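The letters A, B, C, D, E and F name the chains in turn, as written, and every chain counts its residues from 1.
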Amino acid sequence: MIYFFSCIAVGLCLIMILPLYRCLMGPTVLDRLVGVNAIGSKTVVLLLLIGYLYERVDMFVDIALAYAFLNFVAVLAASRYFHKRKGLYEESFME
Amino acid sequence: MHIIINILSVSCLLMGLVFFIGGAVGIMRMPDFYSRLHPAGKLDTLGIFTMVAGLVIYNFHHLSLGMVLLSIKMFLIVFFVFLASPTATHSIVDAGMRAGLRPWTQKKEKE
Amino acid sequence: MLWPIDLIVLTFVIFCAIAAITVRDLLGTAILFSAYSFLMCLLWAVMGAVDVAFTEASVGAGVSTVFLVAAVFRTSRRSKD
Amino acid sequence: MKLLGFVVICLTGGLLIYGTMDLPNWGDPASPASTHLSDYYIENIVEETQVPNLVTAVLADYRGYDTMFETAVVFCAGLACFLLLRDFRPGKNRYYRHIPTGVMLHFKNPDTRMIPGNEFEHMDKDWVPSDIIIKTVCRILIPFIQIYALYVVAHGDFSPGGGFQGGVIFGSSLILMAISYNLRTLMKRVTEKFLSIFAATGVLIYVGLGVLAMIMGGQFLDYGMLAPLVPWDPGHIRALGMLGVEIGVGIAVMAVMVIIYVNIVSEGRHDEGL
Amino acid sequence: MQKNGNEKNQAGFFSFMITFVFMFITWIVLSGYFEPLLLGLGVLSSLSIAWFFHDLLFAGAVIQDIKVFLRFCQYAPWLIVEIIKANFHMLYLVFHPRMHQLIDPHIIQFQTGLKSDIAITTLANAITLTPGTVTITANAEGGFRVHAIDRKSAEGLPGVMRDRVAQVFGENR
Amino acid sequence: MNELLALIVAKYNFWLYIVLMMIGLYAMIAKNNLMKKLVGMNIFQTAIILFYVSIGYKHGATLPIIQGGHGPHDAVIHAADYINPLPHVLMLTAIVVSVATFGVAMALCVKIYQKYQTLEEDELRIRLSEK
């Protein structure tokens, strides 16, 4: 069963490539934000799985909870930028 | 009994993996920012729910008070994500609207 | 059976770092830097350093991203290289 | 400059990679770093301090002096941000919104003020419509996040976590309040004076515990000497001392994180933020 | 005036108490240790949070809200079943080879009779969680703008979901 | 061939850390924008922290939190069963100090932008020579 857990964990790591591609290559800033959000939600599960691999889940649940919360804060802060400043391409593509 | 628990847990985990793959492929394939958010925000939420449920079922192998509290704690993560994830999605969509990103539509493609 | 996760995530981290310093938009740098910190936290959890992973998840991913976005909010998003 | 930098990093990287050949293998249990000193800590900490989390024990007890100055560094960072950016001139423009109708009021004279209440609310610089969903969800989540942060501080002995992590999470819950409502709401709830006093109190608790141990006849930060002051459980006295230190660190870090955020995001004017 | 203030005080005390109870339950679930020291710390921290932030969690809560909570517990399983059903539709869309012909993103607007913040938020989050639709804005008068990915998911709105939410919070739809 | 493979498996972590560190160093040397330099500095720091933490890792060991350590406890503790906690302690300090310095650096950036309206190094140099 532990072997199966590690297979699932590696599978999740490999799935992370697709959001990471969106995150690195995304045409706009908001696409990157979507990618980061998706990476965050996969990592929460991955942390729990690592806990099962070490057979000490009770230690990893705290980290996963903190992680989910701080992912929320970071995404909210970055998207609030656009609520206060107008323009998607404003300055960086002027030249 | 142990075999039933294992089968349930494995099927839940594989189901969650399918949801995560769906979310990741959707992020790649969808044509624009708004439609990308649909798979990203929600297939991932359900994926977390299914996978954590699978892990909690696996916990039933060693049943004790500590394990039950641990399972409740793991469901606390799911509760949190169910509240936070739609809000984050909504916030990103709102940011896109304020920034003036035009939604992709079917008609534009035909013309 | 932890080393494949370690290797895959480490590769992702390097891609994130390269992208974070080459992208021309400072808000994009902030967002990529947050992804970098998230993956870094995962790496430490793999190595068994739970306390360090917790600190990085709270400090690196949460607060320093917010600081960076706040500083970009007060200055400019422009970057020449 | 780019070419020069590239050459420099190629040379340095090549030398360092050459140097890795002499390092022990990754994860080798017999490597020099994990054979001499660390064995003592791993085998004796539980007997000496009754704290199962080795990292917390070494951080707050064996290397307590180090951690104290680290807290002082964090405090100094908050102080530096305050001194660099704080601007006491009043802002020129004030914006209010009439909640039932949604009409915006804009005052250019800094002396005209309104008291926001049920009818009017403060607004930031631009026309930012109030976002009900984010506000309501954050309102529900913030108390749970705070109890979680306090849980992390209190359970630093048994599970990962401790003062720094709990303090940062508490601080970011306050930052979340500033993000979801606006900066003035936060600054009305936790005033600047409150934050500064808290930041100083955290460092003071840490140093005070150390000095208290000195007064009781021990050495600086020797928690074992505090046993006569606590009426119960003399075996766990070192764990209790660590708990006190963690609380001090948590308070200081929480206050400093909020101070830095507030000063950066409003350029020291404390009027509008993200 | 005096009576009004008294009522306000009572509501404040009630929300203080209920926040304290919720916080303490959360503490016990998180902690898992039943020792006097840790329970004492839990009481202290729950009290301090309830003292400083009791107006956040249950702003102006009254006894009758317990009924709302019970109705919400009935509503949640229905929502989860609905989410799972709709997610399979989304999976079908994502893996379909001719996806670009199947999807048809458009924005729809509708008006509801919901008034309170919490009801609007619940409906908006339920709409967002059901795949195929994302809430763009929701204003205080109950107007919604929704981005829908295809005609099939747009048809269901506002429909049943609004009725359920309105029933939970006892408001007109 | 097998020896080479064993060498790679034993050392790939260190090589990737060095690549990461060099990325940070390159950003600090060659980038023009002050904010980018700071991000480079942070990447450099995390690479060093990674190196330290990976030195403490042991194959087949568990987390540095004693199992069943809370309460009465008489099992013998073997040092080889637990990951080395000392690098974690040192690096915990480093991370917290790094976020404090990062905050102060951000404050300095905001102040520079207030005064000179730019964060690019070459433009700053021109502005400085004008005065």
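As a working rule, a contact is a pair of C-beta atoms (placed from the backbone, for glycine too) under 8 Å apart; a residue touches a chain by one contact, two chains touch by 3 or more.
This structure is a prediction, so every number in the text was calculated from the model and none was measured.
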Touch-network distance, subunit D to subunit F, counted in steps: 1
Common touching chains of subunit B and subunit A: D
Centroid comparison with subunit C (C-alpha atoms), farthest chain: E
Between the pairs A-D and C-D, the one where more C-beta pairs touch: C-D
Centre-to-centre distance between subunit E and subunit A (centres being mean Cα positions), rounded to whole Å: 24
Where subunit B and subunit D are represented by their mean Cα positions, the distance between them in whole Å: 30
Between subunit B and subunit E, centroid-to-centroid distance (C-alpha), Å: 18
Chain centre separation in whole Å, for subunit F relative to subunit C (CA means): 11
Where subunit F touches two or more other chains at once, by residue number: 12-13, 19, 26, 54, 56-57, 61-65, 70, 87-88, 92, 96, 103, 106, 110
Touching two or more other chains - residues of subunit C: 26, 48, 50-51, 53-55, 58-59, 62-63, 66-67, 69-74, 76, 79-80
Per-residue multi-chain contacts in subunit E, two or more chains: 30, 32-33, 124-125, 135, 137
Every chain pair meeting the contact rule: A-B, A-C, A-D, A-F, B-D, B-E, C-D, C-F, D-E, D-F
Interface residues, subunit F side, partner subunit D - complex: 10-15, 18-19, 21-22, 25-26, 29-30, 54-61, 64-66, 69-70, 73, 77-80, 82, 84-89, 92-93, 96-97, 100-101, 103-104, 106-108, 110-111, 114
Complex contacts: residues of subunit F adjacent to subunit A: 62-63, 65, 67
Interfacial residue positions of subunit E with respect to subunit D in the complex: 19, 22-23, 26-27, 30-31, 33, 38, 41-42, 45-46, 49, 52-53, 56-57, 59, 117-118, 120-121, 124-125, 135, 137-140
Residue ranges of subunit A touching subunit D (in the complex, touch as defined): 58-59, 62-63, 65-66, 69-70, 73, 76-77, 80-81, 83-84
Subunit D-facing residues of subunit B, complex: 80, 83-84, 87, 90-91, 94
